[in-house]
Amino acid sequence: MIVPDVIASYDLVPSLLDPDGFTRRLEEGFAAGRFPDVDIDSVHIEWRNWFNPRFLRTPASSIPEIAGIRTAILGSAWLVLITIGFAVPVGVGAAIYLVEYAKPSRLNDFIQTNIYNLAGVPSIVYGMLGLAILVRALEPVTSGAIFTTGPPPSDNGRTILAAGITLGLLTLPVVIISAQEALTAVPNSLRNAALGLGATRWQMVRSHVLPVAMPGILTGSILAVARAIGETAPLILVGAASFITVDPTGPFSKFTALPIQIFQWTSYPQEEFRNIAAAASLALLVLLLVLNAGAVLLRNRYTRKARW
Amino acid sequence: MVNLPTARQTTRETMEDTQTQAATARPAAPTDSTPADAVMRVEGLNVYYGDFLAVKDVTLRFARHEITALIGPSGCGKSTVLRSLNRMNDLIPNARVEGAVFFNDQDIYDPDVDPVEVRRRVGMVFQKPNPFPKSIYENVAWGARINGFKGKRGELDDLVERALRQAALWDEVKDKLHESGYSLSGGQQQRLCIARALAPNPEVLLMDEPASALDPIATLRIEELMLSLKEQYTIIIVTHNMQQAGRVSDRTAFFSVEVDERGQRTGKLVEFDLTDKLFTQPAMKETEDYITGRFG
Amino acid sequence: MAEIRTAFRQELEDMERTLLGVADKAEQMVQKAVEAFTTGDLDRAEEVIAADESIDETYLDIHNRWMNLMARQQPLAGDLRLMSMLLHVNTTLERMGDQTVNIAKLTRATDGLPRVDAIVERLQEMGDLVRAMIRTVIEAVIRRDADEARLLPAMDEPVDRLNRDMYQEVVKVGHDPRRLEWATKAMMVARALERVGDQVVDIGEQLVFLLTGERVEFNEVGLGGMPHSG
């Protein structure tokens, strides 16, 4: 495989404003004898975007020119799935319980206050929680040992499952709060109407409250998860690998994620790593945009469906 | 074009004509002060919200196939009493009920009684029309479905049609059953809510100021509807409109407010009698003062 | 506690006061009419007929006001019973006026005819009794006194008796054609006065209905007496 040797690179703004300036600099450099081992005639200038399709398809590498973010994207994707799979059902369920079923009491006030507080806890604390409980104490679960009789899928608890649940715990309070808001926004007249017909609470919630609250619940959940995708500190604690080139295959795989990958690349000395770190940041932003747009689309679809 | 109500005399005469065809023997016109056949009875009812006594010591009998009106100034507890009749007060966090409410001689506050079951037999229509954000058809059908309707689609269609006919709404919506309930006018929405409440085929229909949010013509249509419904159901209505109570009810219960030394306002039942009697010759001065507007 | 429905209460009071004024006027008309007939005073008779016109006007006016009040105020309970009484009294007073006009017209018809003193006395007595009844019922209405109203049937008895006995007196002058003509007219005057008496009792019944909600029949359909009319 041909590994390109980077001898100089040129930033975005000058290359847009003064494309020929780079060629001039290169010729000056050759004339000044700065590139002794290179034959000037075999040099050709290729304009390339660090952010290109190959970048997305290629796994990580120690060589910046060929490094890609595939492993990181797949890792982030798995994390999103597990986070949603954990936080949304548990969070929405908790919100439904708190709004529709729980009677006002001091215990409930206590729980409510705690939820608000937990929403503001720094993410690194969740990281420590994940480390201590999910990675260490629950190692048989997060390494997959208890699910198989043979050798465990992972030799320790630093798996996607542990990280996913950690992120899930992180987003859980926000999901609960936004779902609660969506549920309390449903007018009481609807509840009274349903209950007055002799419906049980669950019949009322399922048929009338949830459909009306769904747009708000979905929006809140997706936004909460989008936030979680950008979290770095907890993932570091829970054991995201700093350098991994193998694609994750399941919940018990070792993994990395986009923010981690970006963080790693910015800490390398070579300038090229900064470029691909920038490209990876762009990828992360696009992913966030897609998620937010998805939230808006889903909400619009449900709003049309639920509200006539 | 709906016929606006004539004197109640005429309605009674029509009732007497159909009486011979009716399966159940109904009195031609109520003359007894206390109804003998009471589908619901309230005895010694006290309702508390936390420590606050909202209404005290109510004893009433509601006659079958009659319309009974609960009237009185604001804060007198008439809506509270109404909500006690189908255990909707249970939904208010600190509400507590003392005393008994009998439905067909069964105390509905007995611990063995399921409030959900009570609400299927005793339906409710609210002040502000509150149809579900669903189609007209679904609004009516849902009540039947959750009450365990097991039948083919065709039977459900029949049930929906029956309920909408009973609510005098069928002709206006039969061609747009799958449009949203919100596409109807206020009066139509309220009739939809009535059809919805009738779908589970309750015995008693509670109505909490059902026409107060409607314009006068829509109000009169609802009243006409009530008069036709009482052949099959028993209706108990809370209204702050005395003329309405006069137009539709057979019996009227007048509630008032009592203020104690601490300034707490508790509702109480002042008088309960045939509407004719209460409106021409009330027994209690308080009733007379309220009805003639001598209340400040 | 602020007063409410003041316009309504005001109107009820005004109507009642107007009617009491009419009753007062009716009493004066009875006096004048009896005087006119017993003295053959044609001018007095004309006064009575003229006075009745204003009674008829008031009748129409009160009736209109009654209808408007009914339509607009939906009176109930005590107010409703009062409205019932006012309507009834309005009609009754108008008829009372008509009776006095009858007496006045009979005065015209007996112009120049010789009077019978015994009959004149009786007519004057009837007139006085009826006027006393009118004053009594006015008092009873003002004071809202049902017991006072219950006195009226007893006061009406002598009026009925005098009316019944009038026939005897007429027979006594059967031999004298001109006196007889006057006497038969005088009997009609007595009947008119007897009717007025019944009408006053009727007003008393209305008052009792207002105060107690009971409908009472003070008048009885008795021998030779006029049934409850008015």
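Quick notes on this one:
In this document, chain identifiers A, B and C correspond to the written order of the chains, with residue numbering beginning at 1 in each.
Note that in this section a contact is a pair of C-beta atoms (placed from the backbone, for glycine too) under 8 Å apart; a residue touches a chain by one contact, two chains touch by 3 or more.
It should be emphasised that the depicted structure is a prediction, and the values quoted were computed from it without experimental measurement.
The chain occupying the central position, as judged from C-alpha centroids, is B. Comparing the CA-atom centres of all chains against that of subunit A, the greatest distance is found for C. Inter-chain contacts peak for the pair A-B, counting C-beta pairs in contact. Chain centres here are Cα means. That of subunit A falls 102 Å from that of subunit C.
Averaged C-alpha coordinates give centres for subunit B and subunit C that are 51 Å from one another. The mean-CA centres of subunit A and subunit B are about 56 angstrom from one another, to the nearest whole unit.
Here subunit C touches subunit B in the complex through residues 1-5, 8, 74-81, 213, going by the rule given at the top. Of all residues in subunit B, those touching subunit C in their complex are 242-243, 246, 279-282, 287-288, 291-296. Only residues 86, 88, 91, 93, 116-121, 123-124, 126, 128, 130-134, 142-143, 146-147, 180-183, 193, 196-197, 199-200 of subunit B touch subunit A when the two sit together in their complex. Across the interface of their complex, subunit B is touched by residues 103-104, 187, 189-190, 192-200, 203, 207-208, 211-212, 306-308 of subunit A.
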